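Next, two complexes with subunit A in common: one pairs it with subunit B, the other with subunit C.
Up next, the complex of A and B:
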């Protein structure tokens, strides 16, 4: 229908625009470039959608800034961001922080999945351990920092341990749940066809529990970032958390804000990466869910 | 090939004592296709799971190929009713069929040949790279059958495999099973609640009583060996056999209800 629209119609991307692209292709429309234009407009629309709200927020920030010493404007924070983080601090503070985060996260994943599989497989083990595990999960990890400092000192091992101590629980408990809920018919299938030991673990248990394992890993990622910062606020001399506290104490307010901004961006980047990973690992799950619907 | 002697199964749990199978004695010769029918809830699936070694028995004995069954016997494949849950959704059709062969330790070349051959036999050669959930129910059950056939079993156990597919697909799958059985010379124990299906497929039909289960009748099906959906099902003898089995199952049900004191 919209293939009959006026040729010079420059209505920005609307639903009608999309219909026209399809209609034009099907009818072999003789207007070259019409489809391309709509595609470009579509891309522009997506970028606008993505940027609109952040831009509005920055504008708001700019409008209210300057009213207080503690709230510098976007330009000042942007300048501070470039000066502070595109410098030796990137190597001295940011990378070690991220490294500890990834190390602690990886350890927690190994530990959580490694313990979760046997616990999930054994009803007796589960009945014994589950109340205790729920208790440990309920303990807020930051309160463990003083304890872990006593046990592991104040260096890297302590910080990694703090991250592990918080990240491991969601991964462990979700793995237990995923392994417990594995399909019985598939388990019988494995028994009938002699699929046992490592191949059973690899092809059945881990894959079957992967939706829950990924849920645990996603929860653990945000906990990990929080604990990375907190572990550096105690008795530390480097790292992102330490630096932000330092700026605050020295009244370098713009620099302090730039650190908060960096943490937000870091969290955003990691969660986007994680979503990629999840889409790849769980392609079958989303596909079969869509097929059932 | 398959010997079931005085099999008993009692479920004991928290103050409940349920006698599911009272005593079943049954034997299936090598290369035979035997169907088991019975009223619903009569322990057909329990019987099949006991034969498959998936369920410990309370008494009696099951032997496959002369060896007493304590776990899944080697050389035995099962096709479950729940096709949607017996295939690995994270694997392609090809990987699903191939995995048991890998576990068996077959070399890659042999595996490829078996996978291609069995998928071809069930008419799914083109779907090898699809995932199970991209296929219809009937096609998924074909994949499960292909996986069983590629495994080269001596004994094939089928647990109401076509209960959840539509009538047309069901007729196609029945003929597929007959063809595979004739071509490959497997021993088949086929559990179903469908009387027509049992008479159409079986060389023998074993009629079970209601729970606690015993064998009511072991009926030889004296229909011509070559079966065909149209001609076989319209034979007068087919109707007689079908009616006979039907009456037996009605009797089993009535007997069961009497025993329970319901009118």
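Up next, the complex of A and C:
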């Protein structure tokens, strides 16, 4: 009797459950024969769900704003947003920031997965490196900013390095964990069928560890955004983080809020992209019901 | 091989790994591969750390950091669990709130740095604001995942047996969600520590981060390293404490029970 996969025994039931879990947003288009009316109604309901609460919150914001100097109304922030960010700043500050973030993130992902697979596969290597890795992961990444400034100056390489140095640990440790926890029965099966080398790596190791790897990547993404902003707050004359702090120092409150809004939109956009990626990579996993283990 | 043997050899390997790192950190500056002014040898870093640990100022700073961390984490955790269970259990609420949650969650909490600076200045308030914001979403998302992971068959069974809403939450939703909640707590504890230090570093709230900032701007490089090492050690302690808690709380769960120490 295996203790590893309790939920794996009820495929049809969990496949239905999966629709239900995700159903909140996507139930409408799951039925091909539902007819136009049902589909339109579903679409209307989705739109209402999507906008109702945000609209309420904006109304609330509009109602309470004006009572405080620090909270300008939605209209003022909206105007500031358009004036501030749909200008040369988009090219000078926003895009370079995002570029650095993506570069650092991609490097960290390569490094993390590349190192994580060998470390995870070898118990001895893992035992040797685990305390060191745990230590590096436990160091709050922002404290490395003063240090990396010392070593790498204050230009783009420093900022990318800061992002890599923070993002790599969650990816690395989650990859190690995922590779370690690979299904032993599947490992034996691979051995039995003589699957080895690249195809073992691609179809068994990376596949099997992918839920964990994606978890690591998701954690790393939010750390990456934090570090992108922080690295620019320290010593910089451009970039999103620098600009927002500049607004704050000059008491341009509406502009500052618009910067916060922009960071939020950026975070939202990246996390939506990431969700797409995750759904694509983990389609097999969510479908199998193993997600609950 | 008995369990004790296994953990001893593990410990030996781990010690070897740490020793290797220390040796490397000692050798690189001594051999002149990196300028000693930028990377002091490990022995000097550790000596500086020991010297710092003998001063009361460091302990006060550490206490301030931990206070901000603990208070922020507790606030965020309580609020997130209640919010998450309510959103997850009341039908329709999840669909209504998801767009708002999805919008607010990815806002990096450091975006609030300017706002916190304006509202609270360099004080505990700024730290709390950043910590609570960052930790709240980590827990909330996991609670939502956990509540959504309730087996539909079990849920229907509970319903057809006429369990009340409260006992469904207590006996079905909560045990299912608990592993997720603990994961959320673990993630949130780490993020909260990062944000506590960040607030001190960037805004200047009193604590470990502010000490690092002071040491850096006064050019005391070994102190910077020593404080970073200390921050790492505290981070490890934080992780270990939460993991211990997780293990205790989830001792009944198959994933914990089947885990045999290698």
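Keep this in mind: the second predicted complex is superposed on the first by the 250 of 293 C-alpha atoms of A that agree within 3 Å, B and C clash if a C-alpha of one lies under 4 Å from a C-alpha of the other, contacts with A are read in each partner's own complex, and residues count from 1 in each chain.
Definition applied: a contact is a pair of C-beta atoms (placed from the backbone, for glycine too) under 8 Å apart; a residue touches a chain by one contact, two chains touch by 3 or more.
Model, not experiment: these values are computed from the prediction.
*Asks:* Please work out whether A:142 is in contact with subunit B alone, subunit C alone, both, or neither, and reply first, second, both or neither.
*Replies:* Only subunit C; A:142 stays clear of subunit B.
*Asks:* If we overlay the two complexes on their shared chain A, which of subunit B and subunit C does A:245 touch? Say first, second, both or neither.
*Replies:* Only subunit C is touched by A:245; subunit B is not.
*Asks:* Give one of first, second, both or neither to describe whether A:259 is in contact with subunit B, with subunit C, with both, or with none.
*Replies:* The second partner, subunit C, only.
*Asks:* For A:226, using the defined touch cut-off, is the partner it touches subunit B, subunit C, both, or neither? Pick first, second, both or neither.
*Replies:* second
*Asks:* Touch test for A:191: subunit B only (first), subunit C only (second), both, or neither?
*Replies:* In the superposed model, A:191 contacts subunit B only, not subunit C.
*Asks:* Just subunit B (first), just subunit C (second), both, or neither: which does A:129 touch?
*Replies:* After superposing on A, A:129 lies in contact with subunit C but is clear of subunit B.
*Asks:* As a test of reading the superposition: which chain, subunit B or subunit C, is in touch with more residues of subunit A?
*Replies:* It is C that touches the greater number of subunit A residues.
*Asks:* Considering only touches as defined above, state whether A:61 meets subunit B (first), subunit C (second), both or neither.
*Replies:* In the superposition, A:61 contacts neither subunit B nor subunit C.
*Asks:* Could you pull out which residues of subunit A sit against subunit B in one structure and against subunit C in the other?
*Replies:* 291-292
*Asks:* Provide the residue numbers of subunit A that touch subunit B in the complex, in ascending order.
*Replies:* 183, 185-186, 188-189, 191-196, 199, 203-204, 207-208, 210, 284-285, 287-288, 291-292
*Asks:* Which bits of subunit C are touching subunit A when the two form their complex?
*Replies:* Against subunit A, subunit C makes touches at 9-10, 13-18, 20-21, 34, 38-39, 94-100, 102-115, 117-119, 148-149, 151-153, 187, 190-191, 193-194, 197-198, 201-202, 209, 212-213, 216, 221, 224-225, 227-228, 231-236, 238-239, 254-255, 257-258, 262.
*Asks:* Looking at the complex, which residues from subunit B come into contact with subunit A?
*Replies:* Touch residues, subunit B against subunit A: 52-54, 71-72, 74, 76-78, 80, 82, 85-86, 88-91, 99-100, 102-104, 131-134, 147, 151.
*Asks:* What does subunit A use to touch subunit C in their complex?
*Replies:* 3-4, 6-7, 10, 13, 16-17, 20-21, 24-25, 49-54, 57, 70, 123-124, 127-132, 134-147, 149-151, 219, 222-223, 225-226, 229-230, 233-234, 241, 244-245, 247-248, 253, 256-257, 259-260, 263-264, 267-268, 270-272, 291-293
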